[in-house]
Structure formats: structure tokens, C-alpha cells
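Presented sequentially are two complexes of subunit A, the first with subunit B as partner and the second with subunit C.
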Partner chain A sequence: MSFPFRTPARGVPAAAGAVAAVVLLAGCSGGGGSSDNGGEPVSGGNLVYATGDAEPTCLDPHVGGNYPQALISSQYLEPLVSRNSDGETIPWLASSWEQSEDGLSWTFTLREGVKFTDGTPLDAEAVKANIEHAQDPATASSTGYLALRKIKSAEAVDTQTLKLTLSSPDSALLESLSMPWVAIQSPKALERSQEENCAAPVGTGPFVVDKWVKQESVTMVRNEDYSAPPAEGWHAGPAYLDSITWRFIPESATRYAALQAGEVQVIDNAQPDTVKAAEGSDVIKHLDAPRPGASNRLELNSSKAPFDDPKVREAFVRSVNVNDGVSTLFFGTAKRSYSPLSSVEPLAYSDQSLFGYDLEEANRLLDEAGWTARDSAGYRVKDGKRLTLQFPVSTNQSIPAEQSLFEQFQATAKEAGFEVKLNLLDLSSWYGALAENNYNLVSAPYTKVGPDVLRILFHSDSTKPAPSGYFANLSQVKSDELDELLTKASETSEPAERERLYEEAQKIVLEGYYILPLYDQQNHFLYRSEVSGVKALPTVSTPTFHDAWLTN
Partner chain B sequence: MADQLKPVRWVLAKVLGAAFVLWAVATLIFFGIRMIPGDPAEAILGGPGSQASPEALEQVRRDYGLDQPLLAQYAAQLGRLIRGDLGDSYSLRMPVADLIANQLPGTLLLSALSLLVAWLLALGLAGWSTLNGRAAGVVASGLEIAAAAVPHFWLASVLILLFSNSLGWLPPVNTGSADGLILPVVTLALPLAGFLGQVMRESMLAAMSSPFALSARARGEGESGVLFRHALRHAALPGIALSGWAFGNLLSGAVVVESIFARPGLGRTLLNAVTLRDIPLVTGVALVSALAYVLVMAASDVAERAADPRLRTA
Partner chain C sequence: MSIFSSRRSHRDPALAARFPGLRGLEIAAAAAALFLVFAACFPTLLAPFDPLAINPADAFQAPSAAHWFGTDESGRDIYSRVVHGARPSLLIGAAATAIGLGLALLLGTAAGLGGRWLDFGIGRILEVLFALPGLLLALVFIAIAGPGITTSVVAVGLSTAPGYARIIRGQIAQVRSSPMVEAAVVLGRSPARVLGRHILPNALAPVFVLGTLGLGQAVVWASSLSFLGLGAPPPAAEWGAMLAAGRTYLGTAWWMTLFPGLAIVLAAACSTVLGRALQRRAVSR
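And now, the complex of A and B:
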């Protein structure tokens, strides 16, 4: 089902007008209380958060495992480890860890004295139960299951010591365990039926799920006995807020209007036009928290013509004017990327020189590749076939600004003689087009902590479709050299060597023109100035309200 | 004797007709949703961003009977429906009947209020223009056409910008209180009032120049008296006949309006269910909507008979 009100052209002036109105209102109200983060935190109050993401089907992120679940479960569930702002792993529910010489067994020491909100103590048996829960096919876990893929067994050595045995060394294990999809829940609560656990999972987090009114909101109340903040960044003791109301407001313009009206205090999925509009506001502040893992990029399907020819791939990359499109359509809210990895990944490797817009070079490459003739419409032809690129676009995953950007690509690539056929599809149809290999270009976001996402996206194993037909290696790179680098990197814990391997791997991906990097996976939050202390977890960039407080 | 049987036969025909409509809806949805590419098993596992493992997919297919042949699934589905069992929603993991019971009141309230407001607006405009001559007729006709042509999503955005952002009078989202209902009701009512107004005004004008209006005037009745005592009933007839259709229009409008104003309801449930390939939920909502439509059609039939004595003898 396509929604006509997604049209961005209409939203831009509308939002601009809305902002003018808010500035006026703010002027009238006489300034109000200053709400800089300077003051002393005060306890109390209910914060209303409005999400534009889909309503989770289950509040337990072990089940399935998508971003909407990560967003909300970060308020009540906590993982074993976290990351600091430099991208280094820091303790959370696990206070320390050690891996064996051969990398095949890991020993985790769990924090003492932590209790789940149902009173169950956090111990080694509890963590073991969680790992087994996520690995149990009956749980139907996707993301968590993949994160724990190499864990063969878990064993409680004593109450607070857990030993994990791996099938092969896993340099990404700590990064995987930092993700909300494998956060730790009360083993007692996990014993309930999946229905019950989905409705109100029990964790150790600063808030507790209180009530879920479907299609409307989830209410969470403060965990008064909270005692387990991560090793860096959070204040000790319980949260300041009494409660959080987590509302589902799918329509972007309504969400922003509700924020302006003060009906809600924080919104996610803020679109570029509203972010830009909010810049001039005293009342509304902006939190930019790009997601980890892969950058947003076009994947060039190298498994079939015309992109089986590297020259045609490079010609396409040179023929699209990315920078102008990004700066006009995203109003400076998105920074251009030249890497397969998100800029929040410490091991991201960039090479700007490969991706300059150069129409002449594009034309030269296409001539060289044998696409010399043009038909009456101006498109290049070879052996009677037009140089056509099928580009299925998921309207669920590409925001309106991105869809417009792709239309600009279509226009600039035409000058070089490419016919880009944009096809806007809902998610299931989009998956269908990919499963049938009926695409030359595609944009597919992938969120994961750490550079191991490169193995998922570019190892030839990932070209083999799952039973559903889906595969993650959408550029369909099949390179023995790359496979070897990625496999080795995933088993190498020595930091310098790991970095070198991932750099080599990224060079192959970039220099082979398998992808066209665009920008980080956008993740913008807007909040009202009466809220202080809003921050995003440096793992998958979900916001957390443990430190948040409300003035007035 | 034959005259006494008539209502019985009428009711029987309606019931059979309704049963056929419900069966057709269930069948169309069952096969229709499978023609859209995409795997319901993957949708059950969270769809976007979650890469389902083969084990998880297999588990889900077994759990939901998706590994059975299509016709077997269809037969099982019909069997369940006949027993009154709407099944469990894939995506919300709740019985469909409970979900609909939770979401229906909001949509019914929204639709009923919108229908009422649309009726009042349409009758008011028709009455005003009838009493105020040709120029007023042109103005009314222009307003009706403009209102009828306005898409819901556009109207909703304009109303939010005007009354929430600029004036700050009304909340842009559902607040649980009555003021949150005003903008969604106006959004649904205005275009409908445009449609209803056009037909009502025409039949009101026709009634005002008919012989019975003339004789009323001859008895000394004033223009407004003629309008309220005589012409109104005539103007209402096509309005009543259209109300069944209008209700269907409101239900589909609710899909857009509930999403924009973030209201819980059947429309938003249906939109989410379609996006997630939640077959039991789509089927359930469609069946309930079809049933509501059939009931409202029957009710407007009855109301039309009550308002128009000519139909009773037919």
C-alpha cells in the first residue's frame, strides 16, 4: 500500500511554515524557563516519546529482532557489555571477561548484587538461560540468533562465572553481546509462555514495562531498585523520570506537530526537513545518532549484466551526482560517506578519490565497455539491448528524501546513457524482487555493532539464499581473496591485525565498485528543551532515558 | 397472507446476501494476499532488518500451518471462520477477535460522529442556499465540489498546521479526550458533506418547486416553513440512501485519518496488518468491515422506507 502523503515536495514548505509558527509562539510566551543542561537534575514527571517506527510485534527483542524492538527494549533490558563513545567495549552486566589462548572459550564474570525487576538474581544460570532462549528455534529469533551463531554451549562455572564454548574463534563476540537483541532477561520470566513474555519482558533496566495498549502506547515506570548502569556514562541510582509513555505516531508530520504542541517531548525518525526546521528553534533540540554497522549505500549487483563488467559499475558510480543531491535533499543533515562502514565504527576505511562525479570518465568507460551506440531516447545500447538498470526501492526503508535522491540519480545517470528504472515497493514485494535476482541496484540498510557486518554483506557465503529467498550479499561479490580476509578477520582478536584485515577487505569492496556509499544510516531524534540528559547508547544508537529529566 | 410473508422473505434475502458477501471477502483476501510477493513467515519474524534463520522460519511455518498446501490452508481457514474463530494475529500475537473488539469502538465513534457532522453540514448548506436564491446556490455548489474533491491526507495536514501549529487550539494527535476527536472528525466529515450536500441540495430545490410546496405556500406557509416541514424530508431521502455508501467511505477514510492523527482503530490496524502480511488480522478486519457495511446498508434501507411512504407499497 503506497501512501500519497509521503510526497516530500509537499512536506517541505509545510514544515517550514510550521516552524515559523512555532518561533512566533515561542516569542509570545516570553522565553519560558531556561532549560540548558546546566541545572541540577530533578526527579519526577512522565516523558512522552513518539516513535515513527512500526509498533513491535513482541517487546522481547530475542523474538524476531528488529530496530523498533531495540529502541524500546533499551529502556528495560540490558546486555552483558556496552561500548563507550570511542567504540571500545566496556562492562555492563558482565564486569570482566577473558578468552582462552585458542579463542574457543570465553569466561565472563557477572556483576554481583544485580536483580531483575521480578526479584530474580542475575547469575550465570540466568545468562545461560538467555543464550539458550535466543538459540531455541521455538523462540524464532533472527538477529539474536545470528549474533550468538558461534556459541556452542554455555556453562555456569559458579554463581557469577559463565563459560562460553565457541565452534570457532569469534572476534566479534563482544560486539555481538553488546546489542539489545541479546539483552539479558529474567530466567523466571522467560519460562512463561511466549505470549506473556512478549507483552512484558522482565530485565534489569532503569524502567519496567507496565502496560501495553496495542496501536496506542506502552507505559514504562521507573525501576526504584536500579543498580546496574554501564561502566561509563550513566549516573548511579534509579532514573529521574517517574515513567515513560512510548507512543506510536507513524506519520512524520503529525509526530513533529505533536512535538511542537508539547503533546510529546521526544520523537524519533525525524526527517531532514524537520531537523532543518528545528535548527532555528529555541524549543526543540536535535540528537544525531548514526547507526553502527554498514553505511547506507547502493549495492551494484555484480552477478549479472550489465554490472558483471567492472567498467560499467565504475561508469555508473562516476555518472551519478551524489553530493549535490545529498546536500539539497537532506539540508546538510547527512554527511556523505565514502566507506562501506558507518562513521561510528572505529575500523571504517574511506576512500573519497574513488567516488568523484565525472561524466566524461563515465562516458569513456562505457565506450570502452562496448556500450557505444545510443538509441533515440538517448540511452546506450549494445547488441540491441538497452543499458537498463532495475532499481527496486523499499518505501519502508528509504525515507522520502532518499527516494527523491534516487530520482536525482536517475536523472544524472541518464546523461551518461543509463536507463534507471526506479520501482517503489512495499517491504514484502521488495524482498520478493531481491529473491528473484530481479535488480541491478539496491539500497538495503544493515545495523550491527562492529566491522563483522562486512562478512555478512560481502562474504560469498551470504550470496546463498536463506529458505525465505533472502540473502545479505546483495552486490553478490564472490571473491576468494575477500572471503579469506573476512573469515580471518572474524577469527583474529589481535587489534592491529584485525584492523589491517578489515582495511584490506574494505579496499577490495570499494575499489571493485561493488557499492556506492551514500551516508551513515540516519537516526535523528528531536526533543523539547524541557528535557535534559537525552542520549543515545553508543552500541546501536538507541536513545536511553536513564539520565533524562524534565524541568518545570 | 402473502403480504405478511414479505418482511420474512426480505430478511432472509438480506441474510443470504450478507453470507455470500462475507464468504467472497474471506476468499478474495485469502488468495489476494498470497499473490503479493513476500513471505508471511518472514513477516511474522519481524520483517524489516531481521534476517530470519532457516530454523526460525521453519518453526514459524509449522506453528502457523504455512507449510500446508494452499487449498488445505484455505479449507482450514473457512472452517475456523464458520465456527466463528477469527484466529490469532501473526503480528500482534493476540486473538483477532479481541483485537477487533478493542479497536472497533474507536473507529465506530469516529465514523458515526463524522457521518453526523457531514449530515448537519450538508443539510445546513443545502437549506441556506435554497432559501437564499441563485447566487447562494452557486456558492454552495462551489463549496460542495471543493470539499468533495479534497483528499483526506491533505485536509488532515492543513488542519494540523492551522489548528495545532499556528493557532495551538487543538492537539494534533489522539489525547484520549474529546478535543483530540475534533480534527479527525472534521477531516472525514468535510469531503463527505460535499458529496451529500450536492445530492441533498438538488432534491431540496426540486421539492421546493413541486406542487405540494406550491399548495403549502398557497395555504400561507412561509419559505422556511415549506423547507423544514415539507422539503427537508425529500432532501433527506437521497442522503439516507447514500449513507450506506458513506459509511464504507468513512471506514476507508479511517485508514488514512487514524494513521495521521495516531488514533487507535480498525483503519490503522488494517494498514499495519496489510504491511505485515498478517493474513488472519486482514481477514478479520475485512470481514467485520463487510459485516458493518451490510448492516448499515440494511439500516439505510429500513430508514429509507420509513422516510418515504411510496417505497412501502412497492
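And now, the complex of A and C:
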């Protein structure tokens, strides 16, 4: 993305952490402790959360818009709508809404009496300012920008009524508006410079950003005047916790050791072996919250050789042994996917038959595609060029188990004659490699509520970069037929028709071997038993601590 | 140097008497070093398995008769990987030391012989480089040049050069003012001959000792860079990278970390013990 990224200093603390881990593991046996989460919630205390995701460069999720931003901003910013556990849209900052007959205009009525934590009232002008902020190229938004793409204009009809005019009907509008990347911030705060707003965005949420010590932690304190919980699921009134310390511990063994030692109470991006270990523990509990939208998948860059040839794409997919690796590396915590969509999406379409591991078939396809010769190292060559695949891996976005899985792909693909070059990169270098089209394979998480994520990921429009510089269509599929299906589906609110169109679209993506689905985007949280009321939002599965409380 | 050395040589037997295990330790270190070099040259003779062959069904096996050092998360044989890891680790260490010494030789000679201003200039540059810890210097270089084996070799080499350069400069300055060199100059020998025949041979003896000692340090630094993900790319069997992969599973599969860690310790310890032995001999000669 074009906004400046800071490379987190990894490793040096990690080395120290490895030593600490040994000491801690040695000292941690049994432990006992009650896992009884019943009883009345008590107020007070500071919760320490340790995230393994990259430290955001900006705490305002409009800017850029990645999952680390969603994780933290869910504590202090709130969107217009939410979902309940059945997947139905429920009111949050908007109390009701209505769509015009032609689907081209939407009217939202906003909740009365809600104030941002800087005292500014939540009104139609405020929401209008937010939509314009996310759409402004100067904001350099990616996720929010794409989610709001069809909104042509916003207009304040009266103080609490907002009218949105769309360029074409958008069946995914409510899903898009439920996401943290388009959460509503104080318009007064947005008027500050981007640097200031990034450091401490102002919202309506249960916590307020207090202090950000770079490369260490963000401190958030309770919003004492909190009054705007979503329509279902949250208790009324302010949060129970006094404050949250949001720490950045990128190294997974260190993070887990800190949890075991009680130094932190909640961690994300838990390694599968530790998730497995938590199953039998009274002290550590597990929350599994698979992310909606896309499944976790490898994208095969079809815009350049060798993956511009569908036969080579299929050969690669056939040549990697996914299932054996997933079952040993993930200890049964991840289920193999055969769909472009997450298993939590009701419209996900799977086709297992396309993705069997078959070395013979891979070899046959490569021979057919003209990659017949092999060099001394055993890799296939054609016209003097080796069958090499560049595979940049973001170490901030994949846990070690996943990196090991990619190493296994590298080993099995080699048998068919592919040379896979794994490049482990920090997030900013990784974005750089994508922007330069310097990749043949990539695994890029993309979280969005609802099947409209297919349009973001596979419509040819998404090969053009958003203002942030990021483009989401990383397999770079450009198909008129697919574009038409996805556009139609995004304009159709008739459920059966929508389902049919998305199914067709998923078939094209799967049968064209543009992606290799792996599993749902893993989102495992571990927390100590003294924390009660930890839950994930049913929108993009970010954890929320409004209902959380600590017992001692 | 010659004055001290004659005194030292008298103390040598006493030293040996006080530490009777010393010679044994040296022999053990030499044997271990030979073994490591052998592993680096002919890994296939020692390793029963392909270090890159994965077998998910065999993942996370504890050490056993079949897998002496156990297996890693992809079912690769750790013993075979440690053996195969000797080559990149030693090669990186040796190449980095060679670069460091070569550069130091150039700078040190220039400073020692080049006159007051050159000496002053190089001396200040070295002091600036000294202000930064060596590993930090290496990290800075990698941040600029990008990760990889070649860059980590150069990075480690560059960051060790200042230390060597300063010692070489001191040696050269000392030898230069010795009566032997003055005599050669008075006799009308050409500068090249004075440098090649008199100064360098006498100034460089300690350099080989330093090189041997430094080799171990370079291996450790190279492993550190790989540990941080800045060295050999996957799936290379490299000790530092193996250590990094293993630390994730430290609680459940300790063997993934222990054995590559021992290999690094062994290489560093060998080079230190041998370097010290050489040092004593050089001094007593």
C-alpha cells in the first residue's frame, strides 16, 4: 500500500523470548485454577491482549484497511449495522433502513442521543463525512473504499436521516456497512491531519484510545458514557473492564509463553499445537472464530508465465500434497476447504474433485504444456527457462505452521518439476512484491462479510489498484463471463437468483484453477480462565471485550 | 613480541601442568572440527536421509533408532539436516571471515603504512564503525541489500572487518618501526620488497589466530541472521533456520531446537579452542 509502513523489529526480542519460553514451560505444570465462568460480572481491572498480527501503522481502519486494524478498532469504533448469530443484519448505530424500489437509493435512520467520545453528536452529517473520508483518494483506503464503491453520494435529509445514492443496486451494501473498515468516526476528529487521526481515532465504542507506544502496545480506557451497543448480544451500559492493554508480540512461542505465565490474558493467532494443548486445560480456553468472506487460499497469478497457461495451473494444483500437511501441522484444528468462500458463508460452493493430489496427472499436464525437459536439479525447463514460481510469504500474516505447510508444497511440487521460491517478507516488502507483480503464487487473506467478496477478489476491476495501491484480484483473472456474473449477483437481491449466480462464479474460479483453497482463514484465540465473556463479533469475527470481565 | 615470547615459552609447561585436560581438549576440538569439515564436504556419506525429503506422516517424531535426532514438523530427519547444515554454516562462516580479514588487511595496511593523514582518516572511520555493535551493522547492511546467503556473508564479513583492521594496523605500525625494517630500508630495499618480505610476514601471524577465533563467531552470527529469517531461504537445511523453525514447538518437540543448537555451539567452541591453541603456539614461537 502506498501509505508508509514501518517494519516491526522482529526477532531480537524473539530470541530472548525463546529463552524465556524454556524457563516458563519448565515452570508451568498443572496449575489448577477454576474455569468456572459463571457468576455475576464484576467491574474493574485491566485486560492484556497480545496480538501476533502486524502492528497497524494507522489505528484508523479507513486508511488502508487490513485485519490488524479491524482487530483493534473493534474496541473503539462501531459501524452502522451488525449481524446476529443467525447472520441477519441488526441495527447498531443505524436504527433502521429502507431501500428504494429500484435499489438505487437507501435511507438510514440513525440512533438518537449517541455521542462520540469527543462529545460530537452522531448525526447524518457525521456519517456522510465518514463515507466521504473512506472514498477520498487522499485517505488511501483499500478495503473500505472497495466496500463503498457503489455509493455515488450521501445526503443528510435531516439530523438523523441519511440518504445514500448508488450507481447501481448493491445487494451487499448492508454486509459492507457492517464491517469495521467503514466504522463511523467523529467528523471533528476526521478533520485533523491523517497523522493525528491515525494515532487516536475517535469513535462511539466501549473503549477509547489513550496511548500508543510504538512497537509495544496501545492502551485503551473505558468509555464511561457508552450507550450504543448493537441491537442484540451486548449488555447495556459501559464495559466492565477499566482498560485494555493491546500488546504486540509477533513471535508465537513468546506470545503463548506470556499467556501461560499470566502476563497476558488473551492471545490471537494461536499456533495449532497450542490450541490442541488448550483442549485439555483448565487454565487456558479456546475461541475459534473463522473469518467470513474468502477461504484461505493460494492464488495463482494468471497474468504472466508460467501460470498464464491453465494446464500449468492445474499441474501445480495437482502436484502439491495439501491434505497430509494440513492434518499433521494443524493437529485437527483446521478443516480442508475446496471453496473460494469461507465455510461460514452459506453460499460457499465446494468441488473436492478438482483438487486431488495426483503427481502423475501433474506430470502429464506439464508435458502437454511443453515443459518436457528437466535440468540437472530435476526442475522442468522450456526454451532455456526454468519452471520457477516466486512465492512471497508475509511473515506477519501467516503463522509458522502455515509457513511449514508452504515448505511442504515446495517439496512436493518439486517432484513434478516446479521450483518454488519461498520469500519470507515483512508486510511492507510483501505489499511491494505484489505491487510490482513480482509473484506467481501468493496467499493473501481477504475478509469481507458475505459472498460479495467474490466480486472484490475476482472481478477484473479489482486488478486495478485501490487508492492505497493494493489490488485484491491477485490471481488476476480477467473474464468477461465472470465479471458479468459477479456484477449481476451484486445487483440482485432475489435470494435464489443470487445463489445461482454466485455458484456459477465460484465454478469458474475453481475450474479455471485460479486458486488452491486450503482452509478457512484461521482465527484462533486463547484466553485465560479468569476472563469471562470473551466473544467475537458475528461480522468479521474480531474479538470484542465490551462484555468481558476479570475474576481473580 | 620476541622479548615476551621467550618468557612465555618457559611458562608453557607450567600451564600444561595446571590444566592437564588442555591438550586433550585441543585434540577433541581438532577431531570435532575435522568431523564438521568432513560433514560439510561429504554430507551424503554421513546422513542416512535426504535433508529435504518431507514425509508428513512421520512429523514430530522423538529421537529413535530410525531418526537419531528425531524429525521436524514436515517429517524430515533432523540428523540428516544437521549434517547437511554443516556446509552452508561453515561456508558462510569461512567466506565471511575471509571477507572481513581481506578488507581489514587492506584498511590496516593502508593505515599502518600510508602516513599520518590516511592513518587518521581510517582510524576515525573504524571508530565510527566500532560505535555500532557488529550484528547491528550486519542487519543494517541486510536491510539495504535484502536478505539472502550472499548478503549475509558480506554483511557478517563487513561487520567483523573493523576489529581485524585495527589489530592489523597496530601490528604493522609496530613491525614497521622495528630495527629489522629500518635496516632493510637503510640497505635500500624497494618498498614492495620491504612490505612483502619483512613487514607482512611478521605482522600477519596473529591474523591467522584471529581468523580461527573469528570463524566461530562468524558461524554464530550467520546462524543468528538465518534465525531471524534473513539468511538462507527455505527449505535449506541451515542451523539457524532450523533453530528458528524449532522454537515454535519448543514445548512439544525439544529435539527440533536442541540438535541444531548443539551443532552451532560445537562449531563455535571448536574454533575457539583451536584458535586459542594456535595463539599460544604463535606467542611461544
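The definition used in the following text is that the second predicted complex is superposed on the first by the 387 of 552 C-alpha atoms of A that agree within 3 Å, B and C clash if a C-alpha of one lies under 4 Å from a C-alpha of the other, contacts with A are read in each partner's own complex, and residues count from 1 in each chain.
One rule holds in what follows: contacts are C-beta pairs under 8 Å (C-beta built on N, C-alpha and C of every residue); 3 or more make two chains touch, one makes a residue touch a chain.
Because the structure is a prediction, the values reported are computed rather than measured.
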Between subunit B and subunit C, more extensive residue contact with subunit A: B
Touching partner for A:58 - first (subunit B), second (subunit C), both, neither: first
Which of subunit B and subunit C A:140 touches, first, second, both or neither: first
First (subunit B), second (subunit C), both or neither touched by A:329: second
First, second, both or neither for A:408, with subunit B first and subunit C second: second
Which superposed partner A:253 touches (first subunit B, second subunit C, both, neither): both
Shared subunit A surface residues [contacts with subunit B and with subunit C]: 10, 14, 18, 21-22, 25, 253
For the subunit A and subunit B complex, residues of the former touching the latter: 1, 3-5, 10, 14, 17-18, 21-22, 25, 50, 54-55, 57-58, 63-67, 69, 137-143, 145-146, 194-195, 198, 213-216, 247-251, 253-255, 257-258, 260-261, 263-264, 396-397, 426-429, 431-433, 445-447, 466-470, 472
Subunit A residues within the subunit C interface of the complex: 10-12, 14-15, 18, 21-22, 25, 252-253, 256, 271, 273-274, 277, 321, 324-325, 327-329, 395, 400-401, 403-404, 406-408, 410-412, 421-424
Subunit C residues touching subunit A - in the complex, by the definition given at the top: 52-54, 56-57, 59-60, 73-75, 147, 224, 227-229, 233-235, 245, 247-252, 257
Contact set on subunit B toward subunit A in their complex: 36-39, 41-60, 90-94, 99, 102-103, 151, 153-154, 157, 160-161, 164-166, 168, 171-175, 256, 259-262, 264-265, 268-269, 271-272, 274-277
